[in-house]
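The following blocks contain the structures, represented as structure tokens.
Two complexes are shown next, each including subunit A; its partner changes from subunit B in the first to subunit C in the second.
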Partner chain A sequence: MFRGWFDCNYCLICHDRIESTLSWVDLFVPEQKEVVCYECLTKLERIEGVKCQICMRSFLKLDAYYQKGELCFDCYRWEEEPNYKGILTQNYSLYSYNQFLKELIAKYKYRGDYVLAKIFASEIEKKIKEMKPNYIIPIPLSEERIYERGFNQAEALILEAGFQSTNILTRIHSEKQSKKSRTDRIHLPQVFHTTAQVTGKVMIIDDIYTTGSTLRHAARVLKGIGANEIISITIARG
Partner chain B sequence: MKGPFIFFCISGLFGIISAVEGIWVISLFLLYLFILGIFKKTPSKWLILNSIIYFSYFLIGDYTVMNNKTNLLPQTSELIVQFSDEVKINGDRLRAVVKDTKTKEKLLLTYKIPSDVEKKLLQQNSLLKYTCPIQGKLVVPDTARNENAFNYREFLKQKHIFWELQVSEWQIGNCRQAQLTFIDKIKNWRFQGITLIEKHFTKDTAPLAAALIFGTRDLLSEEQVSAYQKLGVIHLISISGLHVALLVGMIFYLGIRMGIVREKLSWALIMILPLYAVLSGATPSVNRSVLMTMMILSANQLKFSFKFRSIDGLCLSFLLLTIWNPIVIFDIGFQLTYIVTLSLLLSLRIVSRYSSYVGKMTITSYISQASALPFLLYYFFEIPLLSIIANIFFIPLYSFLFLPGLIILFLIQFVSIDVFQMLSIVLSYIIDFSNRIAIWVSSMPRSRLIPGRPSALFLIIYFGCILLAFYRWEKRKYLLLIVLPWVIVCSQLFLPNISSKGEVAFIDVGQGDSILIKLPYNRGNYLIDTGGTITFSSEEWKEKKQKFEVGQDVLIPYLKGKGIATLDLLILTHGDMDHIGGSLSLLKEIKVKKILMPYVTSGKSAVESKIEKIARKQNIEISYVYEGVSWKAHESKFIILAPSKNYMGDKNDGSIVLSAHIAGVSWLFTGDLGKEGEELLIKNYPNLTINVLKVGHHGSKNSTSENFIRHYNPEYSIISVGEKNGFGHPHPEVLRILESSKSIILRTDLNGGISYKFSSKGGTFFKVIP
Partner chain C sequence: MVQNTNFQSNPQLQTFLSGRQLLVGDIPFSHEEVQQHFENGYVQYREGLVLQNSKYKCNRCGNSESHFFGEFPCVRCGQKCHYCRKCIMMGRVSSCSSLVCWCGPPKDLPATSQPLEWQGTLSEGQQHASDQLVEAVNLHQDLLVWAVCGAGKTEVLFAGIGTALSKGKRVCLATPRTDVVLELTPRLRKVFPDISVASLYGGSDDRHQFAALTIATTHQLLRFYQAFDMMIVDEVDAFPYTADESLQFAVQQARKKQSSLIFLTATPNEKWQRQCRSGKRSYVTIPARFHRHPLSLPKFVWCGNWKSKLEKKRLPENVLQWARSRIQNQKQALIFFPNIRLMEKTISLFRTIDPKIETVHAEDPLRKEKVQAMRNHETLILLTTTILERGVTFPNIDVAVVGAEEEIFTESALVQISGRVGRSSKYPSGNITFFHYGKSQAMIKAYKQIDHMNKEAYRKGLIDYV
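What follows is the complex of A and B.
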């Protein structure tokens, strides 16, 4: 019984013992199992200040030229395209894609450190509860990638957050996104495919939001099968 | 669970408060459990454990309170008592905590030392464990005689003392010393150490050395203590957690330099620390920090599988000390040491955000002050404004220079007298310099805010705001909220301006007069007379270091407690010491806008001239008033009925007589007016209404003629007079006259402070001692 009093946790990122200091905030908020130490936590940068109303891109360091009212230039251009207008209503990214997070995500998805999904679980859980979607759909991997990695990093996030993952999208295998330019990405033939039907509010989960094309392509497919509103959550905003 | 101990502490605290204040407190505890369960989502097993702790502490508290009563008969006059190490000699007075050998009950012994020779004997020898037959009488210690005043009776009760034993016969030769235990020997070292300091150290270094090494403030002058208090650095001259941490640090540093392993050093420290606590007087702050340090050191040595944090040590030490004596939670030192340490430990995350030394120091000082704020206001009624700056300046000076310097100095006296003297001169110089700075800065006007004692509601608001401010600060949201506690201070300062409450208070200043008129909506604060302590010059050895002076010790705290920092009028009725003596210290601390003195041509008393001199220096207007002078403050009217202009004659009959109409009540304040003056009043103002009469001259037989009372027929008669005064005031004849006229008599000697409190709805008289 007494062991639980002083449970000693190790940081999932730096593996140091988590010095669980008791602070003012801890007096009031419900106890949470700490998975990351305070130092690492402070290295994860939240996106604060003025930002794009759709994709959460921060306007802080963005040239005024790339701001169109409440939207960033990218989202503005997406909204100009008749095929993609209003297709993604809101993206929420937990953190900005800094060097620290870049390494963390690489370790998570390329090097298969599945447990790292726990780092984001509580934040994602909080957000999903707030947005109340009817379906939570991970961006799928092609069979080949799944074989390579052993798990779908987006699906793992949903499961670790304690929700059910609706895996209705499949992917036609293609080159990695990160090897393509923006035009390539927009004018890509549809890479997602589904046979199911959905209704109401649908949420897509992915690891990184870079140009938003993956999410929008997936959204378009989902819109086609009956989704009313499509929102998304990603760990990082590139 | 992350930190169960802090919640256990809160539960334990609720338990003790329930035992002392009444079982209704359990509803607060249930609310607390409810909040823990619903909002903090504490699992039920923890809630159950918290409840168990609550009940255990309730039982311990209840047991202590039930047993905290005297077993001695009040008429006991012969006792065999045993002395403890708490002995204080102040002038020709000795006060000591002794234990009755029969009942094992503690008593406060007071003794008037008859001769210089005996004083020297008592000063040079420790009385610890001496058992002496003593004759004397048991007296109930003083209770608070004014609102917000210090309640000595309660204070002693918390130390399990119920009687003051006033010694009439004590043959020191008949005392026998009992066997000394090991602890007693350490207590004797402490005594000898302090004696050595008094003997060898210079007048600048001795008080500080005694304070920093042995934790006694007895050698410090009142001026120094009050200067440090005003600056908010009083914690530096009492041994605090900081000192213990520094000492431990120094020992570690030296030990490791000498090649001792850390492990051995730790165990050695764990053994030495309790002895150090005894050596330094075992005050609550010392006990707290020693216990906490011991636990942390042991936890590190035992290499637990879990991390034992400082905050766990703090909370465990709280749980232990409150089992030992639950009512210690009412001790000011205990409260301050725990609240400040807890706040600092909870703020580690906030402090770690600031990287520079000055930044960290500033934040730490701010946190200490903000968390202590409600306590400081409750006990001292004021807050030092310069505290943060003073702390940044004085903490390093005390920690890294004075403390190590004085310890080295103390040790060197056993080694080399030459080096000792050299070092002593250097340190004296620096300490003197720092004292001068402290006294100079603290005497700057406007260096303090005086909001007065906060009401219960305000206290709750303070605690709530402080929690909210720290919570937000840590969350980095609405950072401006960190000034919230100060906003509450400002609103407390502003409150009188919108308050419809006023009062006329007859302050119990012992033998003398002092009446406060506080008009609603801050329309005026008037003080009629200030009381005064008559001092007799005596032989040097009888001179007290800590002297009682009514202005400093009663009047100023009273006004501060009410949040009065400025007096619009100070009315000095006539030149007698017992009416105006307190002005001398009052003018130093409270801002006075205008002084009224009687327009008389007969000579001035020495005090009067002194006050005039101070007033001129401070640019305070003095107005010499006479019959007919009048003024209004909104609905309240004031008119002076005597003396006539250029009055010559008896000083008492030349008193300012003030008729006031406040809150629908007619008052007559007569100073020391005698029968002759009364006749004159009847003649000149036959139609005057008097609802409340301040009886002239403390009820002397030279005032209050039958004719006067019959003529005006006051409903209330208030006699401001000292308990057991040597003049026989009030005179039975005066009491008879008042009684026969069916006037209700209120006396400060029986009732303590008497106050008529009113608002727009009317008013009533309140007595401090019912």
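What follows is the complex of A and C.
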């Protein structure tokens, strides 16, 4: 039968068989293998509408109090800090952090279901090609964490998208960021460390953008070793 | 490995690991200590995954379907590692991980002379099954207990469990549903007051307890290895055919090599029925309910092309009439539908007969409240999907199935649904109607199964008429 020519595909999320939507064009220009079924795909929400020009936070459900022109209040305040001004020029997040994505990322990172990285591969690949960074650098894990999980979830996103991962950052401090107050976060002693040198445009990859402090701390270290411009990609914007 | 008898093993590790198979990360003892026990032959490392005919198989859950395996560059072993995605919610089993088991002297359980404290009585049918069960426990045999809906199967287990516990044997009762674990735990604690009981389900606290009696969801069995002398599996019919294989794997892993295995069901699948008839599977039936009245037989009623009617938000006239007459007589009823979508289309029409008619389905957040409203007689008719096919009992109801020939209504689903009727001795009968647009094999087989049970019960003198 016609279908027999192709590998049977199963959705990486719900394990249902994926009905292939072959068209004549696909026969000549082989499409990438679909990894997620239509139902699951619709549960991933893109960030639509007006948003913060730096971090992609949506303004749709945000009180005007938290907006400062084209920026969200958080980014605005980072830009006020002399040490952090212009340190991160643009973050791109694939989807908003809804319940569905929350569970998906938890399974990916805490249960260690590596193949889920493939769900985001083509989107990340597209964005990297568009942004053309000189280096793609994953946010590192502490040594015990990486041994526990068996892989770094940020690095896996780079590798599965088909790019080389430049692992030059290490973690010197592994305390939880989210529980700290904002002032603590800004004035925290450096979390990341490196001995390398870089030049030009540098991209950082992480799984979730929550407060933006992890990315900015990493960005500051990279700026110190020669980066001109620092951008980032995350799966989710929390 | 040869056991070093001079080695001082840690009794806490023995208690923790006895009858288990755990990942290294799940063991709260130092790696050095576990390793020492391994070197002295007290701990065994089993491969997490095995390669069989160039296909992977998970040693914990038995999965060997290739699309349930993933691959990743592993930091631990520095290689491409494969891992099982099917049981990953219990921690990742990969090519380089092992399942850690205890292989030193087994942890002993104290024998309790009279563990059972229960004054109730069994019906004739229950007593017969109970005796067979005790024998299976004594002789380490397998037994299927085929008890009709409402026969009172839990009490049938008491003597068998008591016998096992009195000999210091370790017992496990596994069931597919968490609600059942929660319901059975206090009942069994009450009749076995001096016995340690662990209640295991996703998120429960008893996870590491070494107990004489373990009540668990079947999923939790994956953490056990050669643990139980008596293994009881409840509601085997609740498993879809494909899940049956995984269940059998888990059960075989969790029981000891020499042990008894008891399956409980109200309606075994076709394969099992065949095995019973051909003598390949030993079984005992409880064909009658405690109240000595026969089971109500389903009536088959042709209702035309119900599907196209429902799509247009209309109902076959005889279905509507059936519902109307329940309302007139103030008799409670359940009406089953093959899916949520079609069921929801009919609700506005049903509400023209009675505005208080409700619908319920698996994802309904108000599920519990709606079932409670039915119990309180605030709702007279509840429309439902197969979610209410088992477990829930209302004392005096009639039941209808709309589209009974649909695939989702398997033989066992239809037997279970029919079993909702006539549960109490005060109201031992009721009406069960299958509305259809052409009879299915499943409908006919369900009818035959119920009829057969009634005749057997009559022959054995367990009911007084058919």
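What we mean here is this: the second predicted complex is superposed on the first by the 212 of 238 C-alpha atoms of A that agree within 3 Å, B and C clash if a C-alpha of one lies under 4 Å from a C-alpha of the other, contacts with A are read in each partner's own complex, and residues count from 1 in each chain.
To be clear about the criterion, a contact is a pair of C-beta atoms (placed from the backbone, for glycine too) under 8 Å apart; a residue touches a chain by one contact, two chains touch by 3 or more.
Fair warning: this is a prediction, and the values are worked out from it, not measured in the lab.
Enquirer: Considering only touches as defined above, state whether A:Ala64 meets subunit B (first), subunit C (second), both or neither.
Expert: Once the two structures are laid over each other on A, A:Ala64 reaches no partner at all.
Enquirer: Quick one: classify A:Arg111 as touching subunit B (first), subunit C (second), both or neither.
Expert: A:Arg111: touches subunit C, not subunit B.
Enquirer: Touch test for A:Glu19: subunit B only (first), subunit C only (second), both, or neither?
Expert: In the superposed model, A:Glu19 contacts subunit B only, not subunit C.
Enquirer: Mind working out whether A:Tyr10 is in touch with subunit B, subunit C, both or neither, as first, second, both or neither?
Expert: second
Enquirer: Considering only touches as defined above, state whether A:Phe151 meets subunit B (first), subunit C (second), both or neither.
Expert: In the superposition, A:Phe151 touches subunit C alone.
Enquirer: Between subunit B (first) and subunit C (second), which, if any, makes contact with A:Leu159: first, second, both or neither?
Expert: second
Enquirer: Based on the A-chain superposition described above, do subunit B and subunit C contact any of the same residues on subunit A, and if so which?
Expert: The answer is residues 8 of subunit A.
Enquirer: Can you name the residues of subunit A that touch subunit B in the complex?
Expert: 4-8, 17, 19-31, 38
Enquirer: Along subunit A, where are the residues that touch subunit C in the complex?
Expert: 8, 10, 15, 107, 111-115, 146-152, 156, 159
Enquirer: Can you tell me which positions in subunit C touch subunit A when the two form their complex?
Expert: So the residues of subunit C touching subunit A come out as 25, 67-68, 70-76, 81, 83, 85, 88-89, 91-92, 94.
Enquirer: Under the stated contact criterion, what part of subunit B meets subunit A in this complex?
Expert: Residue list for subunit B touching subunit A: 1-4, 6, 39-42, 304-309, 311, 345-350, 467, 470-471, 473-475.
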